[in-house]
Amino acid sequence: MAAIEILDLEKTYHVGFWRERPKLALRPLRLTIEPGEVFGFLGPNGAGKTTTLKLLMGLVSPTAGTARILGMDFDDPRVKRQIGFLPEQPYFYDYLTAQELLTYYAQLSGVPAKGRAKRIEEMLERFGLTGSARLQLRKYSKGMLQRVGLAQAILHDPKVVFLDEPMSGLDPMGRREVREMIQQMRNEGKTVFFSTHILSDAEALCDRVGIIYQGDLRGVGAVADLMSEARRRVEIIFCSPNVPAELTRLGVEARVSGDMVNAVLDEEKQEAALEILRREQIRLISLTPVRSSLEEYYVQKLRPRENGKGAGA
Amino acid sequence: MNRIGYVAFNTFREAVRDRVLYNLIAFALLISGAAVLVGEISIDIERLVVVNLGLTAVSLFGVVIAIFMGIGLVSKEIEKKTLYTVLSRPVRRWEFVVGKFCGLTGTLVVNTLFMAIGVFLALLYVAHRFVQADLWVLLALYFIVLEFLIVCALALFFSSFSTPVMSAVFTFALFVIGSLAEDLRGFARITDGITGALATGIAYLVPNFSAFNIIDLAAHGATVPGRLILYNTAYALLYSAMAISGAVLIFQRRNLK
Amino acid sequence: MSLVAGTVLLVSMAGGVALLFAIDRVKMRPESQQALYIRSSKALRRLSLGYTGLMADIYWTRAVQYFGEQHHKGSGDFRLLAPLLQVTVELDPHMLPPYQFGANFLGSQPPNGAGRPGDAMMLLKYGIAHNPDQWRLYYNLGFLYFTEFKDYPKAAEAFARGAQLPVTNEYMPILAARMAQQGGEFETSRILWYSTYQSTKEAAIRQNAVDHLRALQVDEQVTQLEGLVAKYRQQTRRWPANTGDLERAGFIRGTPLDPNGHPYKLTPDGRVEVQDPESILYITKGLPPGMESPMPKPAGR
């Protein structure tokens, strides 16, 4: 049984005073996430990531399509016991303390009264909030709020966790902490579905990614596969006041600084380039493979299509 | 079912932390000032003044609080997005609305309780003892609480789809019109044509606050028919149910941007 | 859930409206009812925060409601009518219907009215003081003097003053003249009631005028007929048995009918009687001996 099955979920908003202008936020989306997976939902701002999450959470009703979470209909109330959600830039009742908020949420999520207090203490500790547990949330920093957000997302031990831009607005330290927490969730066997536009995070954490742009799913695949799909490139640094004409004809990207040239080219052109340098008796300083990144794949997928829709792979 | 209780409790806690109950201080000052002054300036009508002033203040303070708290109940949560993490939990939307209602009315009941104590203390001060007529003051307070039920339900209803400002305006307008509901029905009876039809429609749909206001009766110690207590209670419950189910219907469909 | 909520909404709405009927029927004791109506218009003025017009409207509505209820009950107790009307006009002296209502129903005797012509007079005088160019008020005043006080000179004066206004009614000079004459009571009364009927849209007042007109017709016919019966007796030394006799003797043409369409009865002792006296209100003639002038019975008894 898949953890999440999104079946042609679609959302069109109607904007304008008489609600006459349709705005397509999400084209029919088909996606399946397996249990235990960490899935990254990538895309620029406004691509439809948040819309997808809001649809799955039942905050917004779909124009068409449906979804199943852990085999149940996504709007079945029983599902809500098994999922956790962290919205983008979450805002919590600022007059409550972290402890009160988590208790309230635990009550709503049906955490049995018996072990409730203990569980909350565990959560507070796990997310480093014990010290400020009795401080009102209005006094919390962004990083602390994010941690509260993660705590409320998993305090009822859900099987599937949905995170919307969990790293947004955090400093590098904060981001690293969140990354570690997601890793921990994965180690606990939870399915994690999170959206982001920071590719390095996706690279580091995800088993699979999906790229969405302008409401359209452009590509889905395992991170490792996608990275190798992109072209292999090498970077050559050599001593020369300018770029040899033949090298330019070969088709390289070069940058001159002082008496050094920094050139990047496809791996297959490597031999030819080295040959040119030898003939011109130009001194080679270094030759390094450029580690291709998800960025390549991402950028490729974001290019406007020539024709029609349908998810590429 | 418990979830309604949890939501209600949290709403109450929010009100307390919002320092809503501080209004009691203003009320206490008002009522004690009045009690003291009244002894100086008039003979034989101290009780009358204390009852009239006290109950009117309880009613007005309460309606103001009900409106100002109620209008933000739903709209504030949507605006501030605090709802996102709440609705992703097993709590159903209707449970949320009903819970908010219970919390709001609970706050008002507690508030009224303290005010009632204040009124009775003032009465004790001016009359030096309790009289049987004071029972009617208790009944008047009960009717005022029933009024609050309806006002809270209305404020909540408007909050589910309107901005706080408009909600306040609508609820207050209905409160004023509802206070004249009896006269409106009389007017509808002697008018015909389109005006009559319109007046009849409005007259029977606005909340019938006029029947809940027995402040002058309580002040004169006049009796109230027992049936009225039953009818008013039933009416308050039915009208609130109507407004709340309206709120639920609207909130069910609402897309949270 | 939407279905449940929708059902609850409709059911509670229906229940609420139904309850309102029940609540409206709950009668408060008269003393407590008294307490509900603030007598002092000064206090009311302040209470209404300047919206005196609205308050006046409310009190006017209450006055009409109150009258209707008391009339329906047949209690004859209209003690709150005068204060209610008074408060109304004190809040808004330029509202004209209360004056007319008061003239008609404060002045007349119970159970039809409050039987307080003095109050009615004060109300009208107040109205005239604040609205000196409203002919209708002078009309009401004259009417009051005529019907309740039987003070013909004062009635004439009122009608005359009203007749002099730039905007007035065509009956006014006629009425003034007739009052001064003090004669032809039937004709004057008929003009009065007829013009009352013409000049108002208020259903209760119109009905009242119609009833009086019918009574006038009977009184007039009976008076005429009794005169003719006496003449017949003089001529033939006998009382006529029925109106047919009168016709044959040439005193009348055709058979005179009462407003109900029935012929008049002639009694052996020379009197004329209406066939069904109970059914025609206000008649003072044509009644069996000892019977009082029929007054309107309260509705619903």
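For clarity, chains are labelled A, B and C in written order, and residue numbers in each chain start from 1.
By definition in this document, a residue touches a chain if its C-beta (ideal position, glycine included) is under 8 Å from a C-beta of that chain, and two chains touch if they have at least 3 such contacts.
Worth saying up front: this structure is predicted, and the values here are computed from it rather than measured.
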item: Touching both chain B and chain C (chains); value: none
item: Centre-most chain [mean C-alpha coordinates]; value: B
item: Centre distance in Å when chain B and chain C are each reduced to the mean of their C-alpha atoms; value: 45
item: Centroid distance [mean C-alpha coordinates] between chain B and chain A, Å; value: 49
item: Centre-to-centre distance between chain C and chain A (centres being mean Cα positions), rounded to whole Å; value: 87
item: Per-residue overlap in chain B, given as positions that touch at least 2 other chains; value: 92, 253
item: Residue ranges of chain A in contact with chain B within the complex; value: 54, 57-61, 77-78, 80-81, 83-87, 90-93, 95-96, 100, 104-105, 107-110, 149, 152-153, 156, 162
item: Chain B-facing residues of chain C, complex; value: 1-2, 5-6, 8-9, 12-13, 15-17, 19-20, 22-24, 26-29, 31-32, 35-36, 57-58, 61-62, 64-65, 68
item: Chain C-touching residues of chain B, taken from the complex the two chains share; value: 92-94, 180, 182-183, 185-187, 189-190, 204-205, 208, 211, 216-217, 220, 222-225, 227-228, 231-232, 234-235, 238-239, 241-242, 245-246, 248-249, 252-253
item: Contact footprint of chain A on chain B as seen in their complex; value: 2-3, 6-7, 10, 13-14, 17-18, 80-92, 253, 255-257
